[in-house]
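Some notes on the structure that comes next.
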Amino acid sequence: MQIEAGVHGFVVLGSLGENGTLTPDEKQEVVKIAVAASRRKIPVLATVAETTTAGACKFVEKATANGVDGFMLLPGMQYLSDRRETIQHFRTVAKASTKPIMLYNNPVAYRIDTTPDMFAELADEPKFVAIKESSEDVRRINDIIKLVGDRYQIFIGVDDLAMESQLIGAVGWVAGLVNAFPKETVTLFELIRTKRNAEALELYRWFLPLLHLDTSVKFVQYIKLAEMMVGCGTEYVRAPRMQLAGDERKRVESIIRSALKKRPTLPKV
Amino acid sequence: MQIEAGVHGFVVLGSLGENGTLTPDEKQEVVKIAVAASRRKIPVLATVAETTTAGACKFVEKATANGVDGFMLLPGMQYLSDRRETIQHFRTVAKASTKPIMLYNNPVAYRIDTTPDMFAELADEPKFVAIKESSEDVRRINDIIKLVGDRYQIFIGVDDLAMESQLIGAVGWVAGLVNAFPKETVTLFELIRTKRNAEALELYRWFLPLLHLDTSVKFVQYIKLAEMMVGCGTEYVRAPRMQLAGDERKRVESIIRSALKKRPTLPKV
Amino acid sequence: MQIEAGVHGFVVLGSLGENGTLTPDEKQEVVKIAVAASRRKIPVLATVAETTTAGACKFVEKATANGVDGFMLLPGMQYLSDRRETIQHFRTVAKASTKPIMLYNNPVAYRIDTTPDMFAELADEPKFVAIKESSEDVRRINDIIKLVGDRYQIFIGVDDLAMESQLIGAVGWVAGLVNAFPKETVTLFELIRTKRNAEALELYRWFLPLLHLDTSVKFVQYIKLAEMMVGCGTEYVRAPRMQLAGDERKRVESIIRSALKKRPTLPKV
Amino acid sequence: MQIEAGVHGFVVLGSLGENGTLTPDEKQEVVKIAVAASRRKIPVLATVAETTTAGACKFVEKATANGVDGFMLLPGMQYLSDRRETIQHFRTVAKASTKPIMLYNNPVAYRIDTTPDMFAELADEPKFVAIKESSEDVRRINDIIKLVGDRYQIFIGVDDLAMESQLIGAVGWVAGLVNAFPKETVTLFELIRTKRNAEALELYRWFLPLLHLDTSVKFVQYIKLAEMMVGCGTEYVRAPRMQLAGDERKRVESIIRSALKKRPTLPKV
């Protein structure tokens, strides 16, 4: 469905998503399924979110053998590595990889901040080709560009800052709600890319209450509920995650239902 | 060495420690070694810090088979479960266990807070016999006691609040610096337990700069450095953790060296 | 100088600035000077940042008598009023005013958050005509618009989010660095307003290291240093504020000097 | 009533209280009333919580003329002064004072932290005789003592850490609930001072739900409600503060009512 809608690539094994709930073997299964689904038409990136550097290198080797086109790389999970340790982790995994890497920065979720000057320091490693910026601070995008120009392709990783970010420098968007609303996501991206700002803003405003669902601790459950309500997924999650219940469920259902009621006819892009 | 010093039990596989860097098989190896070292003279607790509830149950079963006497149980790692999910996780693991369980609360590190009223709600599960309180807020101890009296044995899990906590209600201490300073730790604990407060306070004040090392993101490296400096361990850590370097290393070495220079003769307890 | 550069209005007695260091009489002196300087060509707004609601009403009455055209209104200073108290404060001051009011939201500095739904609730008071949004979260702008459409004129109050904010819905900018760089500020504003985005982005990127100075606890000293370095002000501050010294001074001087070295020729607007 | 109950001193014009809502003249009225009420039997300290250093010096001069015995000194209000500015502020006010000064540290409320090493640096000013520690981190008490021994009399300023703090080094308590429960406060203090720990702990546990009211943003309204319910005060507050209402009022009333129902017979001290 996402491919038909026109997405330009897959990122699988989302780190904040259910990556951490899968065994090493299950992760490789997901990789294989995604590679098969892509039919080599669009690139597949696998998320590297392991607790040790050695485990990250091992994952990279196996996923490469299973056909991924690149990686989205995070700091080690659980331990809050400092600047020196984080950089060392990134460099070691890069050495173990033959594929290009997108570095993922999300200090809100992981409490490890890869700051613009760290990206500048890492610029000498050619495998680092892109950044997924999810600090929720759009100023970071131009701070990176001030330091290293267009050295990295910068992707915004926060759905509800997608338009702002692309207008001032981001060239891509690693989207969350795309799982339930692929056409709207692709259309919004294309409208902004082709500078049709008024149309983009109108669509963005309709989309925002849904896009807000991407920046919550429970975004996995929220997006799965949205997928189910648009008819393209299930709500199943692994414990300790549980399906939404009570007032929280009602609140999120009502947000999704309101948006569906006013779902716009999309402009051609 | 810890047994000779008089510790009353072992807790292995510390969650903030290197638990997350071990494979399932390695964890069971650690369990076996600890059980053997205890020679059944003191109880061995194994830390349950898995990313899924199912994984936690599996760990519990294996560690029981390997001879542990009980568990220290955390919420699922990585995902920030809400109240309902956290309680469900605890109850499910309790069902899978035939051994008593100490619930571990550390919202500073894990951002999941098991509040006093949650402990009250969990009081109907007889396997939950103790609490390790590491919120860094000593008020919690009496808040729990106000709600459920002496239903739980409350252990303080924060080294540099050990004395305050025991003076106002905690009955035990899951210590960190005990790895490098077992005699001092046991002596301090016994002085407080037997109400020799003036002597305890004198020892505590000497000990505090070392005990502060327990409440840092880098406490694993700090305590391992202390172990090495007193001659009972190595500094080896798994990446992304790295051995201390530069100014940080100098600062911690200097704290440890200052304390060693004034190391007190311990009173009989 | 600001008038020549084309600013559309004055806001005096900045709340985070030195408002709190002035006596009631001094504040009215500032109002009179600003009204005289404006020569009725541009409107003058006075900031209402008192510790009590009664004091705020008194200030409003005197400043109105002294000729201001409107007010920028904050919650009471020092006390962290809750939602009910904050709304009551705003409404009471509105009753005491015959002039239009811009509500100022800055939870970063004041720890009181006037959320989008509070602005919706306050929409029935016709004196509230505008909002200065300084939450540093640009998502707020569209959240307000989703709730109340164009009921309020939304101004961005954070210099280094000026461009993002105007591109997605803000219609004005209460600027900080305008004190030292009025022409650059006005040119940037006009370029964005007239959709000359590529030129705006080029100027914005040059400007950003300076605009970052606006979002610091020390922004008063930083901007005064910039004013001095461009030859239009002094560094004098009232204690406990002190003039910058040491490494911090060097760092800020270097930022300003670098920007001046590459100061661009401004496009016609 | 407080004098009869045996308090050892008054501190008036509480900074987090209504200090900020009073005019300079009103503040001096409060000073005069307190000095008269004390009948020179107990010392009266006036809180210095002004927005400028100059204003703080002026307040000190007037309050001295009106008979206070000393001061409780805070950093300047509203502006978040840095280390250098905070120390300069303290020293300048000390120069303007002929009376001894208690330095008040409350980073939770004021976001300015006077750290133990700052107290060490300030130790050369003989007018600084005491510290009111309200960081909510009891470790600070021994950190200060480690640095400067008994150079300062350390008072705990957080009601619900009163017992812990005195047991490990604080010699005094600037109490909040003393306004409504003077006898309980004095009895608790004396029990701890005379090492009757078991009796102290029993009283403390009864008292804690009330003492928790001291560490809330709304503690002024909470304590005034308690005063009214025990029959020794009114609920009047100045806007933007409002009297408690709705669920919050019910919750606090219920806490106070529960405590009153089980009010203990106090041991002789």
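Which chain is which? They are A, B, C and D, in the order written, and residues in each are numbered from 1.
By our rule, contacts are C-beta pairs under 8 Å (C-beta built on N, C-alpha and C of every residue); 3 or more make two chains touch, one makes a residue touch a chain.
In this text, all values refer to a predicted model and were calculated from it rather than measured experimentally.
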| item | value |
| --- | --- |
| Longest centre-to-centre distance from chain D, chain (CA-based) | A |
| Inter-chain centre distance, chain A versus chain B - centres from mean C-alpha coordinates, in Å | 36 |
| Rounded Å distance between chain B and chain C, as computed from the means of their C-alpha atoms | 50 |
| Junction residues of chain D - those touching two or more other chains | none |
| Overall pattern in which the protein chains touch one another (line/ring/star/complete/other) | ring |
| Touching pairs among all chains present in the structure | A-B, A-C, B-D, C-D |
| Interface residues, chain A side, partner chain C - complex | 136-139, 142-143, 145-146, 160-161, 163-164, 167-169, 195, 197, 201, 204-205, 208-209, 212 |
| For the chain C and chain D complex, residues of the former touching the latter | 20-21, 51-54, 75-82, 84-86, 88-89, 92, 217-218, 238-242, 245 |
